[in-house]
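I've put the structures underneath this note.
Consider the two complexes below, in which chain A is the common component and chain B and chain C are the respective partners.
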Partner chain A sequence: MRRIAYRFLAAISVLVAYSGAACAAPRPHYGGTLRVMLQSAPDTLGIPADATPADYWDMARTLSLIGDTLVTLDAQGRPQPSLAVAWQSDPSDRHWQFTLRRGVKFHDGSAASPAAIAQILGTLHSSWTVRASADSVTIESETAMPSLLAELALPRNLLLKRNADANNNNESRPPIGTGPFLVADWQPGKRLKLAASEESWAGRPFVDAIEIEFGKSLRDQAIALELDKTDVIEAAPQAANASQRHGTSSSSSLSLPVELLALVFSANSKARDPRLREALALAIDRKPIQSVLLKGAGEPAASILPNWMTGYTAVFSVQANPQRARSLLADSRQPVLNLSYDASDPQAQLIAERIALNAREVGIAVQVSVSGAEDIRLMRVVLPSPDPATSVSEAARQLRLPLPAFPAATLGKSSNLDLDLDDLYRAERGLLDDYAVIPLFHLPIASAVSARVRDRETGRPVDWNESGLSRADVWLADSRSTDLRSTDSRSSDARPQAARR
Partner chain B sequence: MNGLLSTTRYNQPNPDMRARTSSGLRLGWLTSFLLATVFLPSSLFASSLGVAARQLAHKIAAASGPGAFALDVTNRSSLDDKSVREVRSALEAELYVEGVHVTKAEQAIGTVDVVLSESLRDYVWTAEIALGSDEKKVALVSLPRSPTGTPFAAALPIVLKTTLLFTQEQPMLDVALVDMPGGSRLILLGESAVSIYRQPGANPSGNSIGRWELDTSFPIAHSRIYPRDLRGRLMLRRDHLFDVYLPGTFCRSSSNAAAPLTLACNETDDPWPLTPEDNSVRAFYAAARNFFTGALSPGIGKISNVPSFYSVAALPRSNYTLWAFAAVDGTMHLVDGMTDQAIRGTKWGSDLASVRSTCGSGTQLLVSESGDSERDGLRAFEIPDRDPVAASAALEFDGRGVIVALWTESGGTGATAIVRRKDTGWYEAYRVSISCGN
Partner chain C sequence: MSFRQKLLFLFAATVLLCVAVISASVYSTIRRSFEQADRDRANAVAAQFRSEFQRRGSEIARKVESVAASEAVQRIALEMNRGGADPGEYVSEARTLANQQRLDFLELVDGNGSILSSAQWQAKFGYPEAAISGAALSEAAVSEGRTPSTSGEAGAFLKREELPEGATLGLFAVRAARVGEQPLYVIGGERLDQGFLSTLDIPTGTRVLLYQNLEAKWDPKSLLDLNGPAAGVDKIAPLVARVRDAMQDTTQELTGVIHWTTDAADTEVFHVIPLTGPVFSATNQNPANLSPAPPSGAQRPLMGVLLVGSSRRPLIELERQIVSTALLVGGAGILVAVLASIWFAARVTRPVVALAEAARRVAVGDLDAKVEVESTDELGELAAAFNRMTEDLVQQKDRTLQAERVAAWRELARRLAHELKNPLFPLQVTVENLMRAKQKSPAMFDEVFEESTATLLAEIDNLKTIVGRFSEFSKMPQPQRRPTQVNDLVQSVLRIFHAQLREKNQTQIVVRIELDEALPEILADPDLLHRALQNLVLNAIDAMSQGGELTIRTATLGDRIELSVSDTGSGLTQEECGRLFTPYYTTKQHGTGLGLAIVQSVVSDHGGKISVESTKEKGTTFRIELPF
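Let's turn to the complex of A and B:
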């Protein structure tokens, strides 16, 4: 806070009045085009089942501009209304009813009716029985679905219509949703232009359009941002972390950790002895990797879920213990293990080589390679939901581990009950007990935005990865001239004739 | 090491545990317990922190069984040092009740490592109980994190004073305090309802957070889509209780007579009054945007059109009223009925309000501004001639708050500021008033 001595008040008050603060918080302005660059180059606007984490986040954020889910989760994991305004389930959690928001239309003008929503959900989930009634849809399953709300909030459940083309291929056509933007132009793998939907049920977005360029490397994105040719780019977490520390003209931001970097033993791994896997886990010194290779980004991890979701990661020790690792391996002959990594991840090779070095120090021979039969894989796992039970289940699916079993009282409910926390802990511990997976780091996703991109809530340069922030809520600080041209026609018409200039 | 941890198991309390304690130790621990109980602030025991400490102690005792343990408490949460000390004291006292005695490591049969951590939603406390060299057990408890905040008041001669009126998780657009038969009422305009809270027998200007009880709520139906940056205004009235102005919607309450209160709403583009007076200047609000179009009805003297603006404040002069408009293009316009003077480069925020006081010219202009990249502040200005002059220090709202609404109170002697906290996301309603200080 700026404090001004009273005796100087008169002398400098005019100066204060004019200079004010460097960044006073204005209300959002309407207008302008937000320019975005992304690495991925998708041929279709959909989330593939085997998407890499980068592709997953790119497409999830893009599609969420076009469509809505029935419910959303806030950063605390609590369900919030979206296309559904109310919901209820029977005690068995097998039968759910969702009351839909009235008057919502798809971008093609058709009503987002219960029948239309039920058809989309039924196509997405063949194991569900989805029925439409007057103002609601019901979802039934033979198994209990206590985590249904968190499931429905995932990007894969965005309610998008896909009209088939002449060849009956409905993936090549752009999706039609109910979200804040509609597809104006789609060039697969290259460019997507989205236009603001005037009829968006959540209110028209502040920007007129969003132009997304796909297939741009991180380096090209950084140069484009520097040259003011784009507004939003992706960044490596370590680069964003460094720029946050040193300060740059653009605004870099890191999300909460939403990815897990882990070592995963393959089904045919030569490391069949759990003691060998445990020894490898104890051999890895995560701190130097974090400080040198990740430049401080990410959090050393020995658990699947990050602390912001659970609060209990302190009981999963990340400390290396080479002495104990050696004692576990005493008097036993170990096979040479082949450690593979994602060649497209620039940090992966360096991290893998560091892990191999740690392993050799305790007597485990690890060979880093992207070819040959892999015994261990260094992989990134998406933690897609703020709901911890859903994220741990999704992580287990990606890691090809057995899905954790939760008592019905835990999933999708508040985690405030001790019973829930204990159940979650037990489920996570159970997945890690035989060391088939060795968690290494929880990583954020990073981005950088130009100074003209502002956040609706604060009016300041946007923290792009802040939980819950939607690109529909950003506005452009230099869009005032556009803004004045685009004043609301209905209100203008309502002006008394005498009041017009 | 992970493999050494076992799943938490729960023992039945051991009825013999006190019998196995030496009488000297018992006396010492009893003294500690009594001291802790007597001298700990009652707030701790009354609060959820005390309850959580008791729960964790119970779980630790169930996992460890009775005996002497070394206790280590590490804070990795946002709890302050005082709270941590209180938690530790409470934990020691509760452990004593459970038969677990805290002692030095060399005298202990095991260790209890407690970490006070937190997730985004909860405080989470973990305890690792180690018995012998290998065996480790884990106990967990959680309790919701609650938003706290205290208003900050600057200490310069013209002082902006704040009173926290209400806090809630859902957005607030405006609030108003009113004295009514049966006690004070707080009328709260939310995004989809007007809620009326009762505070029997309290002074409306008192700090009343936490003591309002919901009396009644009136949903506001609307078929038009609201803009994303939704704004709304509550205005207390003389002949009925209040009016509500929302984009494209107007609501009028029934009179405040004995009959039950009702609220009638209709969709309209009629202009909003800029001051509480019945013959106030009115301005048209762009129903799908977040600003006034600039068309005035009736106008201010000869001026019936000003640039589109976000907010306006009326500053009475001896024989006219000076109107300050915060225009959408970032300029400020001073309109006196004859001229419209644009002032550029103020770099103020978008929200203005006027507050009547006994200081200076008698009415000050409140302006939202930003002290740093995280927090909004308010500052009072005088406009003695045509140049704004700062009249107070900046008032920041504690806790990384961002001002999302600022309106002049219907009575004119204060302003209502709605602040959204960056740390919790909750909304806080403040009454802002001016005192002349020294």
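Let's turn to the complex of A and C:
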């Protein structure tokens, strides 16, 4: 029911946005360089398996400017065409065939042929058997791949070529993709300059170039945006939330919750007794943390997946119950637990200390530290896909929990609206039953964009969190270097807009 | 113990006693002085602590007042009164203000007592603050912008403060910023720890410890010195426990002595000063505050204990120095006493020793011994008296010798008269018979002549015998010494009398021989000793005409042997015993009186002595002692 309402509201929003744009949107024009600042300082243009959430999102958003995936998912988790325009699978979901878009070329001028795509996919997934045919690519596996579409939509499956260097190391070389921008200059850890691709299958972007500066703190980014020295920055969700409430010259936006902040007990944690872990879960009062430390951003959580994905998070109680926690401990002597947090996360220390304070109330001694032998870790987990099954599996992988086993009937549905919630709930509950993980909050990611960065369709400042700058219809309002071009040639259905918060 | 030793002992004892009395007196005085100084130091440190406590309290109160009057706090108070304030905006506000005022603790608390912002524990927002309670803050005080005094001056008070790393003790002050109806309380403070102690001017030999009474049980980590947690201080736990117990009824200061090691110098005297805090309302007690609930009534909780320790080392070292000095002085005194006593004793006892030496000489017969009189004191008089005594003895001896010589001559004359009278009378009668026969019966003269001639010859022989005996006595030979076994002599003599004893009184005289088998040989003339022993045995047999028991004993007495001959005869009177060894004195009818004189002469020539013991009608014993 909630999802029906949600879809209804989203549809209304889109209609209002389009009607507004049709009436009052200024006309977009070409030219200009879009300036972006990011916190992360990557040495290579790739997504490492152990990337922090901040690095993950930075690199995912950066690489999505350069490359494309075979398919994408919309906000509801429905697969949408990208480099593949059609697909089909056999009943066992072991054999998939993707029909590729014709005439697509990599930035180096080579054709994005089925053979080239098959080679890239084969390199990314050694367990797959990828074959190319005349206009399609087939993917085969010995096990069923019901969630292959969601998997292929993940940023790690961006179709990027890397030419090997003299040392036969292709990771250090900039990737070559089929996206709207190509790599013009790459200084590892410092700067990336992207130039508009004239040959992009989605059409030439309005902006001529994008300059991304890496390694900038959130404070420096905010100052730079305030001084008009950059156009797009990251933002702490709580700061973006406050900015939205108070109103500033720049446009701050929050995504849907796409991260999970959770306490994770390490394998050799002293908290071996599940009752102790449950008592800690019951001791934590999430509401003050959300209202004061997160300043309203994020949602108190007791489940892995956010409510916008599942709609059933209400059955996971987020209410603190210190009395119950004390009764669970039953005056038994508890070990002193060491709670560590990510020092690069500005909010983590305060949240960890608050959790330690809550724990002390019920008689659990928790020491907060940045490093050292940890019993519990406060960590963020990326929920990378709108597809709940994929996200919960990815979350389990990051949390080092056993991967949930979904019935085949649950997976491979056309969207999360069609999932069997009972199976999903049971899978998620199974991961949380022994309190090895205590979900705390579902957090959005946030960004702030200067007023001159406009969306082609609405004429308003863009939301980088969801639509991304990879959309070719981002333009700079004060750029006068290039004449207006017709927008008819662009594929408006190539990247469906995600629902905005 | 000799007089000299007595003098030495007396001197040494006197010196020792004097040194001991003086040392004890000095030690007692110094000890009292030290204890007084110790008390003065402790009181000075305690007064300094209180003064510093009040000064810091005033300073904290001033800082808190500055914070309460700051623009930031006034703005927050205004926003709180307007409503709709975002508490998330204030989380780090207290830390900023605390850094500005250099306060260790600072909390902004709303009118309901909930923490808006905490500098010391930012995550503590929303929790109630125990110090803000109806009991602790009166409305009147708040309206005047001050807090009722709970402990020290300017409203500063001690309070336990929970921190992420554990509880600690702080000195706090509370002020209220009142912009609207709802006050905004500012609670600021500073740690009461080693940093606080380091501000005290602590005298040498004194140290200050602060125990933060944060837990119900003794926690050694809560005992701080200037460098942080003090090490090896478990022995202080009983002192703190005593303070806790004493706090039930009084806040009196205590004193305790702690022996850190077996060395007395490692003893420390602690003056213990309890530090109390205010009583907070139990209903507003911070749930996060794990301290025990405050006691009921007006009893203030014990927040800390200040321990001012004074080392006994200087006192003990001085005490040891006194003892060492006393021993040194005592030893020197004894040495001086010995030397002095030697000198003094020599001065005092020299006449006495000379007197003793002279007495010994007199004892051995040297009556010429004289003592030199050097002084006119008692010892001089004694020496003069001794000299007079020896002179008298010499004169007495001369007189005695002369009398004895006269008596001996008289006795000799008597004996000679007696011995010669007997043969002379028959000679006279025989010669008269010859003359009468010549005159009256010449016929019978020849017959009478022959008879008379025989009688005359017999009596002349008798006179020759008497003269021979006297001649023999005068010719006693000097002993020819050689190793001689006296036991063998005894056996030899008994063999001579064996036949005599069997013929005469065979059943009446019993011979008992008790000889020392271990009797050593002596250097003696066996012939002379044989003759002496023979005389004694013969005398004993003669004394037992009616029979009896003859006993001969030999024994070893130190450096000499004893030979005794006893009989159970008629015995002798005391007078007879006194004259027994006088030559020619005899108690027998036909004795010459030379037998015992010969015995005495033999014994004397061997360097021995002879004595006699006799009881009338019971018997007589002769004892001869001879040196080896």
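Just so we're on the same page, the second predicted complex is superposed on the first by the 443 of 501 C-alpha atoms of A that agree within 3 Å, B and C clash if a C-alpha of one lies under 4 Å from a C-alpha of the other, contacts with A are read in each partner's own complex, and residues count from 1 in each chain.
Here is the rule we go by: contacts are C-beta pairs under 8 Å (C-beta built on N, C-alpha and C of every residue); 3 or more make two chains touch, one makes a residue touch a chain.
Quick caveat, the model's predicted, so the values are computed rather than measured.
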| item | value |
| --- | --- |
| Chain B versus chain C as contact partner of A:Arg360, first or second or both or neither | second |
| First, second, both or neither for A:Gly31, with chain B first and chain C second | neither |
| Which of chain B and chain C A:Val292 touches, first, second, both or neither | second |
| Winner by number of chain A residues touched, once chain B and chain C are compared | B |
| Touched partner set for A:Val368, first chain B, second chain C, both or neither | second |
| Which of chain B and chain C A:Pro300 touches, first, second, both or neither | neither |
| First (chain B), second (chain C), both or neither touched by A:Gly67 | neither |
| Chain A to chain B touching residues, read off their complex | 1-4, 6, 9-10, 12-14, 16-30, 75-77, 103, 198-206, 256, 274, 278, 281-282, 302, 307-317, 319, 321, 324, 386, 415-416, 418, 421-422, 425-426, 429, 432-433, 435, 456-461, 467, 472-473, 480, 483-484, 487-488, 490-492, 494-496, 498-501 |
| Residue ranges of chain B in contact with chain A within the complex | 1-3, 5, 7-8, 55, 59, 74, 76, 115, 117-124, 126, 128, 138, 140-144, 154, 156-157, 223, 225-230, 269, 284-291, 293, 295-297, 299, 304-305, 307-308, 310, 328-330, 345-351, 368-373, 376-377, 379, 381, 387-391, 393-394, 396, 402-404, 420, 422, 425 |
| Interface residues, chain C side, partner chain A - complex | 86-89, 91, 121-127, 164-165, 287-288, 290 |
| Complex interface listing, chain A residues touching chain C | 238, 242, 288, 291-296, 350-351, 353-354, 356-357, 360-361, 367-368 |
